[in-house]
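Chains here go by letter, A, B, C, D and E, matching the order in which they are written, and residues are numbered from 1 within each.
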Amino acid sequence: MISEMQTGIQIGIYLVMALSVFAALAAVNLPNIFHAALAFIGTLLGIAGIFISLRADFLALAHILIYVGAVMTLVIFAIMLTQRLSDPNVRQHNNLSAPAFLGGLAFLTLMAKLIYTTPWPVKAAGTVPHVSVMDLGQALMTTYVFPFEVISVVLISALLGAIVIAKKDPL
Amino acid sequence: MNATESLRYFLPELFLLSGALISLGLDLFVRNKKLVGFFAVLVLLGTAVFPQVSDLAGKPLELFYGFFTLDAYTCFFRVLTVLILAATVLISISYRELSPSEEGEYYTLLLLTGFGLILMAASTNLLMIFLSVEFVSLMSYILTGFLRKSHKAKEAAMKYLLYGSAASGIMLFGMSLVFGASGSLELSIIRNLSATAPFYGVTLIALILFLVGLGFKISMAPFHMWAPDVYEAAPTPVAAFLTVAPKALGFALMMRVLSTGFLWINWKWSPLLMGLSILTMTVGNVTAIAQTNIKRLLAYSSIAQAGYILMGVCTFNETGVPGVLIYLVAYAFTNLGAFTVVIMVSNSTKSDELLSYAGLAKRAPFLAASLTVFMLSLAGIPPLAGFIGKFYVFSSAIQAGYLTLAVAAAVNSAIAAFYYFKVVRLMYLVPEETPEKIPYPLPLTLALGLLLIGTFAVGLAPSVFIKAVQTALFV
Amino acid sequence: MQTHLLSWITFTPLAGALLVLLLPKNNSRLIKSVATAATLLTGALTVKALTLFNAAEPGFQMIEKAVWIPQFNVHYYLGTDGISFPMVFLTALISILACIGSFGIKTREKEYYFLYLLLETGMMGTFLALDLFLFYIFWEVVLVPMYFLIGIWGGPRREYAAIKFFLYTLTGSMFMLLGILALYFKSEPHTFDWVRLANAGFDPGFQKIVFLALFLGFAVKVPCFPFHTWLPDAHVEAPTPISVILAGVLLKMGTYGFMRFSYPFLPDAAEWFRPALAILAVIGIVYGGFVAFAQSDFKKMVAYSSVSHMGFVLLGLAAFTSDGFNGALLQMFNHGTITAGLFLLVGVLYDRAHTRDMGAFGGLSAVTPVYAGILIFFSLASLGLPGMSGFISEFMTLLGSYTYSKLFTGLACIGIILAAAYLLTMIRKVLLGPVNDKWKGLTDINLRELITLVPLMAFILWIGVYPKVILSYMASSVQVLLASVGGVS
Amino acid sequence: MIHYTPYIPLFPFIAFVINILFGRYVRKGAALISIAASLAACAVALPAIAYVVHHGAYSVQTEWLLLGKKTLSFGVLLDPLGCVLLFVVTLIGTLIQVYSAGYMHDDAHFSRFFAYVSLFMAAMLTLVIANNYLLFFMAWEVMGLCSYLLIGFWSEKNSAADAGRKAFLTTRVGDIGFFIGIMTLFAGAGTLNFADLGHAAHLMENTPLLTAAALLIFCGTVGKSAQFPLHVWLPDAMEGPTPVSALIHAATMVAAGVFLIARSFPLFEAAPDAMQTVAVIGTMTAFMAAFIALSATDIKKVLAYSTISQLGYMVAALGLGGFAAGTFHLMTHAFFKALLFLGAGSVIHGCHTQDLREMGGLFGKMKHTAATFVLASLAIAGVPPLSGFWSKDEILAAAYTAHNPVIYWTLALTALMTSFYMFRLVFMAFFGKPRNPKIHAHESPAVMTVPLWLLAIGAVLAGIPGSPFMHHWFQNFLAGGVHAGGHAAGHGSEHVIIPFVVATSLAAAFGGIISAWFLYLKNPGLPAIISRVFRPLYTASLNKLWFDEIYTILFIRPFGAMSRALYRIDEQVIDYLVNKTGLATARTSRIKGWIDKHIVDGLVNLTGWTVQLASALVRLLQTGYLQHYVLIAFLGTIVLFFIELRK
Amino acid sequence: MIIPLEHYLIFGAVLFTIGIYGILVRRNIIGILISIEMILNAVNVNLVAFSRSTSASPETGQIFAIFVIALAAAAAVVGLALVLALFRVRKTVLTDEITLLKW
């Protein structure tokens, strides 16, 4: 029973993965950039699903909030600001597809080989404790307090910069 | 060491950060934005001489649970960084293109970048490496695209960002793999990984992906191609800064990564870096020959210089490592100096074309002489700073017995002399086109004078600097 | 002053250069006098050193040594011996004369004399440095002023000539630097110190590589066939005083390098490369002679004649005998005086006629008899007329090389005939034959020009008639050199 | 007085210095200064000679140069051989200078002329008293220089300027041989001192090195004494003023070559092969030059070829072992040939032409000149008891005793030709009717004729000391000298008159005179017919056996072509290859034009060109197009993977 | 772990490669930015997967991922700001039209 359920979950995960990859392919290939952005949101959701399967619930949530809620909204705004939607005929791909595809294929092959030949030090199932939101918060406030502070500086700086860059000329 | 304990060792950085924030606030109240600039210089100099709380004679301090490694190495680069930044700010103050409406933020951003650069030097784990590199990169993109009016600058910043993000993405992917294989973010633990045979593959891939990310920062071929475009289009002080500081810290980090994380497979990366070093210097020099824009010429030159510095990284022996540091110091003085002259000339001629340097010797003898000194230093002519750097890296190649590398570097140096002298030739041998006089604004002249002194000082009294470097490395 | 005499000699010109920099741009008279005073003072110091110089002492004298870069074991290390002192003296002499010869320069005088004096410091340092690091620095310091001096004040193709000179020599010296570094790292403990390196005893395989590297650096300067092609261009385009410096002193730096560094450090390699050196020397002698013969440009002819004459120096060095080495060293000195004189004379003519095409002249001996006489004098010295210095040194080098190879010596003798051929043809074209009406109004040589030439003539005659004195200064040091390479005396 | 010997050359040298530096102040006084110097030299030299005659050779030396462990000393050696030359040079030199004062009186460069002549005197005297080869060589070269300067004295004339250069270069070819010879000797024997030659020859006995050294030294003679095949310069040297021809190119300098052989005699004796060569070359030269002289029409050219021929005689004599004979002839020849040249100069001075075909019947107008000239001609023809007879007879005797019939008869035939062409000259110039009415000849002033007569006395009497009347005093004196020089074998031992030789000699002398008389006075139309009958021979003689033309084709043209070719290689290949490195981008049209025009810059140039090409290619990659950059980086990464992961 | 670690890694690698492909072929800068985000997400997948299976302390990978997300957001903000600024002056967002700088 458990194994059946596990098989079901496994199939579900693989399905999510397949869908994510499919969405990712769509995101880089769709001729309409707006559609591509939407497809990418699909990928993001899929990845959130994968996170859940890895029992990183908080991360999945944060992922969706930040990406779908913030980044992609921005992206879509940007698309709308810069895109003449009336003109979907603008070619969205350059002529580097062939070398890019071949290069990508080579890279992927290499990676696959590497992934399968490396004896990853996987811990025995069940020995890895569940990481709760509490745990994460604790870690961020203790061990990781320094990066945490740093990233805040980064974000402030980035915001400052973005404002300076994007603000309209006073004249 | 926990956070509270760490803070007292972290005072210089805190000083810098608060300086940045104050300057941001100052921007709101001060009408003459130049004052913000001078304030920034003071902050930077303050950081440089900020009293060290601890004695660094002992073991390196693992501040903030090891997320900030405070050792002599970090201190060295901290001082180098803030000095470079101080020079950058100084030469920015009289930069004509900078409009008052954005000048205040500009200095703040520079100060913040300084913080990021110091983090790079202090990073010993993957997370901090990623964070600091991205931080500096983001700041670089922003600074590059800072000028509102320049189309080229926007374009270059855009390219820079896309290229840079892709590069850090690639590096990050490598980090993820090595993290998986070792189970830790600490470079010191990753080192143990590289000692075991089954993990060679993943270690090497990770190493190469590291090289991509850091190679991007130091403009190492074939990851250098963004550099000329960015250096040409960026505001000249920013270009000066970008050719020096991120590169220097990129090298700092690269050496940290290689020595802490991958020292045991140096027989693998040493030849690789040798090839990349030769490629880098050749590409830089060969392409520079054909340039007609001084900033672009200096851009390619800076690529070539990265190639020479890589020699020291590649050999990684007792001359190579200090060689890199010395070279960086020498290069910082020299390149900043060259850019200072470029700013002064372009302030009056409104052009960065090489042709506008024709007859400069007549119009502005001091500028021409200074630029000549800097060009000679870049070409590695003694007794200037550049020579000491080159001497060191050549030494390391010879000491390591890398004859190919040494010969390639020798040939390259000769090629390089050709285009450096192209500039000199224009200034001295070609009659002037516009007889206009070039003004000498105080901050720029001050910076120029100091950089000139530095260039000579490294060349004539290298022992002082070598001592500093050795302190940074072996204590 | 006594104790730091060599430093004074080296840096007096630099001080003069800095002083020139402070002078007002337009006061040409003041600039000239300061520059001349600096060279004269340097000359006086050199004479002072001459009185202190102990000819019987084979080792280094007047040594100054101070730590400079302790981390690399680099010392500020000056000293002189019988090999370098003649060169120092030559440098001082030629510098004074060329400085006086420079009075004709009318543009950008301040820059000119600044660079000129800087150049002198570089040359002096090159000959006096006993620390390889220091030597390299001075060696390179020479390059830069030279570039400007040719490039700014040269002839129509000056830029080309200047950059060509610069790139050739720089390429060579880059390899030399590699060689120097190799020596440094091979020595235990690592050192640039001449004395230590000379006693290091490197293994032969290593020696060959380093010799080759140093060779590239030195051979370009000599210039040794086939690295000589910068020379005609540089000479032709350079202003007269700079040609004089170039021929009089700079070329000697290459051969001096062989004698001072390559040979004592790398005796086995020197032995091994001896045939190659001799072959290149002979090619240079004959080839330079032939090419000189083909010239119609006066200055170019003299330039190629330098290639030929410096070939004798190399031949002497390949001889590995006391005669060969002494002859080579003497030939360096003599070539310096003779060719410097010839270049000055070319300049005299060019200043007046604004052409150097020998075919355009004719019959000048009737128009400018004093000039003609002096030109003939230097030509004869150059073609090795006995009684003049060139003969002695050529005789000694050939005598030296004779015991090494009769064939090479014989071939080199062709060079002597060639020298007579091209120099006499030059005299024939310029001085003899019917007077060309165009040059009827040419004025004869003036006093200033005479002042630059007469000291050279004095040296040429003195050495030609009684070479024992100058040779006595060289002999003991050369003997040491010879012993170090294991040559026969 | 003998101890002042080393200072003999100093007097003329001082005269030289004064005249060259202060020529424009002393003006005509230059002649006085030079003559005074010569007289002073005479005044020191003659007592010195007397000393040597009574007390034997004198030598002194001082260290000059340290070669390795060997010392090279310079010094003075005055032995009988040197005395002969010293006597000749001081005496004839003085007389000729006196003559020159008249001859050159109107020349614009009067003082310079005397300066050169004084320098020559100084060099020649140094050479004569030199005690070693190096000093000898140095003086030898300085003489060459003076010869060069004096031949080209009238340098406005292109022919004179060319002749000077030719003389210097041609002799220099020989000198280089001499120079290598000296080195060979030094390397082989370790000494250059004449006094040690015997010892040296002994050291190198039977080695090829010795023969080589001797032959190489002989090269010097070939050049200086205008022996075949380097004789071509001497006829051209007649472009110089006539006193110069007399002094340098007849009496003294050219004889220095012979003197050189005589000096090196111990060396040659030890090398029979070399001796043989010397004899053959000398004989060939003697014959060949006489043959050319037969058809010459320029009065000085006839004398020039005659000089070559006579020098050939002396060389042959020495080659045959006739040490005394050669030296003897050297002395007598100096007198009569100087006299001939001065006479010719007087003729030229008097009628302003050198072409024999325009002269004729000058005897009446120039009595002194003609009389002395005829005396000299008789001497050179070998008519007894004039000096030429005694010395020529000695040489023929040497050939006879050497049992070499070919050489003997060739020399005899040459003697015949000599007397023929000399009297052809005499008859054409001084006798018969004037051919060119425009010529108004006049006698020269006393300053010129007095030296003529003084020399004539010499020409007549110089043979006496070597004749049986004085019991071959000269030969014995010389033999003692060789003795003193360290050589054991005697040379003057068998000085008996050989009747057969005397007969041949007399027959040749008178045969030549008579046939000349027959052809040029009796039947003036006959020579033309003869020349037509023996056309090939005549043409050969007239064209001087085509030596100049052959040398032009064989040496001069290839030389020029080679130098131009090498130059082209230098500019276009070596330079081109080298240059391309950096200069490709230095693209002002001027430079480009230059580069196009030219290729040895080539090695560098090729490099440069490669760099330029690479530069262009690499630049092309820098498209400004972001994704090209990323693609290169990405592909680069993959390449790095493959490099690192390969096994 | 419900499915083997390797499968997650392959999934990450595939996403990564698609991202790279996107960077290389997209003309639109926003498209490229999306591709870059995809790369960072692929890394996150790796990080979280490793965090679950091989990491010494289980939260490390997740925290790293959080930082990656945050920085990605920052980069996106700067990037989009630049896009807008660029669009304003150049009226284009296509990479092959921003090639003023070359050679």
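We take it that contacts are C-beta pairs under 8 Å (C-beta built on N, C-alpha and C of every residue); 3 or more make two chains touch, one makes a residue touch a chain.
As the structure is a prediction and not an experimental result, all values here were calculated from the model.
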Practice problem: Give me the chains shared as neighbours by chain D and chain E. | Solution: A, B
Quiz prompt | Given chain A and chain D, the chains that contact each of them | solution = B, E
Self-check item: Distance-to-centre winner among chains (Cα means, whole assembly as reference)
Solution: C
Quiz item: Which of the two pairs, B-E or A-B, is linked by more C-beta contacts?
Solution: B-E
Exercise. State the chain with the largest centre-to-centre distance from chain B, centres being mean CA positions.
Key: D
Quiz item: Going by the average position of its CA atoms, which chain sits the greatest distance from chain C?
Solution: A
Self-check item: CA centroid of chain B to CA centroid of chain C, Å
Solution: 43
Quiz item: Just how far, in Å, is the C-alpha centre of chain C from the one of chain A?
Solution: 72
Quiz item: If you average the CA atoms of chain C and of chain E, how far apart do the two points sit, in angstrom?
Solution: 65
Quiz prompt | Inter-chain centre distance, chain B versus chain D - centres from mean C-alpha coordinates, in Å | solution = 76
Practice problem: Would you give the residues of chain E that are in contact with at least 2 other chains, written as numbers and ranges? | Solution: 5, 9, 16, 19-20, 23-25, 33, 49-50, 53-54, 63, 67, 71, 74-75, 78, 82-83, 85, 95-96, 98, 100-103
Self-check item: Touching two or more other chains - residues of chain C
Solution: 159, 163, 167, 171
Self-check item: Junction residues of chain D - those touching two or more other chains
Solution: 581-582, 586, 619, 622, 624, 626-628, 630-631, 634-635, 637, 641, 645
Quiz item: Using the touch rule from the top of the page, what pairs of chains touch, sorted by label?
Solution: A-B, A-D, A-E, B-C, B-D, B-E, C-D, D-E
Practice problem: Spell out the part of chain B that touches chain A in their complex, as residue ranges. | Solution: 2-3, 6, 17, 24, 63-65, 67-68, 101-102, 105-106, 108-109, 112, 115-116, 119, 127-128, 131-132, 134-135, 138-139, 141-143, 145-146, 148, 157, 177, 180-181, 183, 198-199, 201-202, 205
Quiz item: For chain B, which residues count as touching chain C in their complex?
Solution: 361, 376, 379, 381-383, 387, 391, 394-395, 398-399, 406-407, 410-411, 413-414, 417-418, 421, 424-425, 428-429, 462-463, 466-467, 470
Quiz prompt | Complex contacts: residues of chain B adjacent to chain E | solution = 126-127, 130-131, 134, 138, 141-142, 145, 151-152, 154-159, 161-162, 165-166, 169-170, 172-173, 175-177, 179-181, 183-185, 228-229, 232-233, 290
Practice problem: Please name which positions on chain A make contact with chain D in the complex. | Solution: 94, 96, 99-100, 103, 106-107, 110
Practice problem: Could you pull out which chain B residues touch chain D in their complex? | Solution: 158-159, 162-163, 166-167, 170, 201, 204-205, 207-209, 211-212, 216, 221-223, 225-226, 228-229, 268, 272, 275, 282-283, 286-287, 289-290, 414-415, 418, 422
